């Protein structure tokens, strides 16, 4: 077995440098690597390109990095819950590349799977298709999209083992397994870290081969963006 | 919930007709849909195009369909364990399209995922690349491969529920989840069929949306191709 | 009387086909889940990674790890399954989800839709909408017939950046049900209760085919 | 004395790097797993869908659902994981597997390899070999130096249909360890114990660089 454990978030993020490209798992505030984001704020790493489906909210998630102006460019599909984001984007302080959510996911998977490019119908006829090759398959126009990779992919899992195998919980899975495949170095922060052999090999979502560093997060706040409930 | 249960293998294969294209899960004899293959032999369906990683052995798996000359064309990656296959292929009775295993898997996934084509380095400079577009990405030549789909994808799972959700066991997973995505009609035969709600939604490998028909197989022989053991 | 959002959702619920998978966008479309007709089995896919979405949780039973695409806390029904984003859009792009219901800022008479960006003013992003409209067999738009200034959102041509081209099949608004004709143009199918054809025509900038007597929607619960 | 298959496997085992993932082909490569040097952690990937492959099972403990790519019954080690074929080749194509060891019928001096077809005679198929050789950073071929007729399998150019071009980095045979030079041509690195440079040259059809004194392999267990 290849041991992937690092003692803490500081060790997990050794080598993250100004100007790097990071992928960060999560959908909204669900399943985001909170411990790593907090550490990135502390590290004051600058000029980051962040690939993440959303940009957090003003006071949590990637919003924390935006407040500190550590992000040069965001590659996302939906950024609607963040005023500071909108301000930086409309003022031109922040470069933004908005891409369809499915293309974002598939481009990350492609990056991890050694597929340099693929055709998709999503975005044909829109701004997203500008400058991209268009080709018809089965009578339907498709555009050519390229793989995305990152210097570091930073993901959050529910359980992990010392071999780097990961299990996600419910919809906190989202982009995490996909991005885990696409990092030159993939860092996983987990709620519970167990010895190899404790996870059922049939139930693992992300094989440890995709993970270079794993640690148990100190604290998971797990903020809820839209609390919706019904009465008993 | 959408109920996908059919009472038996006969109902599961209603509509399979001469000349159709079938995908069949399994690697060697591991994880093959044995009940469905036996029923195809009984149905005497002819001129089939079968997409399957292997072609079974002489007296089991797809070898049974080969013996009855029900297969017109095989699309596989490795067919080395079947004398009748080799005879039919070398005599020209059987059309054979051999493709790299990873391209086979990815082409099936692409078929299920609405990706009509993608680039891969596998097979560049070989017979496999003949007639295919070559393009360089990051200084490395790749070939364009297209999606595969099938009239019926027939897979075998360990457990399944009435909503069509599937769980596979160990390496009997192999091509089954991938092909399950790519059938116009996907048929799943399972060892154990349970009511929806009995499977943990975190542990499901194939979401029921990909499965149109599910049934509990009557009998699983599970032949072993190469029994290798060590002494205590 | 023009419909409210719930009325629009109720009318769209009548479009649900038995044994189909449906993706509901944020806003009015989400409400459709509350009005599934009796005898119709549908399963709702939420693109963040769940099939078999259930109602909101009871108080204090919410789970931050279980949300829908609108980031709302939800529950999971029997038979539910969770999956990652790549698999989620494999379902969508691969046309395993038969119907998409989504909101729009503008719809044009050739079935174009715009709902993600107002240049220089508002850029929320397209989320999964571009993938959804590029792939689903059936796409129904749920929206108000006019914007806050009273201008028609049913247009000859969209003025805003597009989300998808030639994809919308039907539009259900507070005033009417419209079909996008294969050759282009809208056909008026139904009127909201008490709304006249003339009112609909006045609120519609696009060409509108009115053929024969146009029935009122029936919105029995 | 020329090496037997076990000797070849032992010599290749010395090439294993700490903390790497390795795919072993059918035949001699499979034997490499038995000779991992002390202090070296490697994990074996089998392309049918397992990482963390263990030894063969004890009698009556075999499981038909747990096999390797050679269709042999195996066991799983602590930390093992199962996955589907698309994910398996995502690992391979995505270069997450650092080393591939596989057999060959022919290898050429520009690193081409042929191992899947003899036209008109034998067609087993390429299995995963084409994906593996197109993607792994390091590719080592394990084979006999000559075929059953005594003809060299180390060639200027392959005569059989190729599996991959310009991909082989090293060849370990019963006679020698050869490196494929970046500019083309083989360089003799080591001799099998008791085998002379002249014997190796005689068995090698390709151009062979012999530079200085060529050491014997050391094959301590």
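Letters A, B, C and D name the chains as they come in the text, with residue numbers starting at 1 for each one.
Definition applied: contacts are C-beta pairs under 8 Å (C-beta built on N, C-alpha and C of every residue); 3 or more make two chains touch, one makes a residue touch a chain.
For clarity, every value in this text was computed on a predicted model and none was experimentally measured.
Looking at the partners of chain A and chain C together, the chains they share are B. Chain centres here are means of the Cα atoms, and by that rule the chain farthest away from chain D is C. When the interfaces B-D and A-D are ranked by C-beta pairs in contact, the top one is B-D. As a whole-number value, the distance joining the C-alpha centres of chain C and chain D reads 56 Å. Taking each chain's centre as the mean of its C-alpha atoms, chain B lies 28 Å from chain D. The geometric centre of chain A is 32 Å away from that of chain B, both derived from CA atoms.
Once the centre of each chain is set as its mean CA position, chain A and chain D turn out to be 36 Å apart. Looking at chain B, residues 106, 109, 113-115, 120-121, 168-170, 201-202 sit in touch with two or more other chains.
Residue positions of chain C with contacts to 2 or more other chains are 50, 76, 82-83, 89, 92-93, 135. If each chain is drawn as a node and touching chains are joined, the picture fits none of the line, ring, star or complete shapes. Chain pairs that touch one another are A-B, A-C, A-D, B-C, B-D.
Contact residues of chain D toward chain A in the complex are 19-21, 41-43, 45, 50-52, 76-83, 87, 89-97, 135. Listed in rising order, the residues of chain D touching chain B in the complex are 46-50, 55-59, 61-74, 76, 82-86, 88-89, 92-93, 112, 116-117, 120-131, 134-135, 161-166. Contact residues of chain B toward chain C in the complex are 1-3, 109, 111-115, 161-163, 165, 181, 195-197, 201-202, 204, 207-210.
Put simply, chain B touches chain A in their complex at residues 106, 110, 113-121, 135, 137-138, 142, 146, 167-170, 201-203. Of all residues in chain B, those touching chain D in their complex are 27-31, 53, 76-81, 86, 89-90, 96, 98-106, 108-109, 120-128, 158, 168-178, 205, 222-232.
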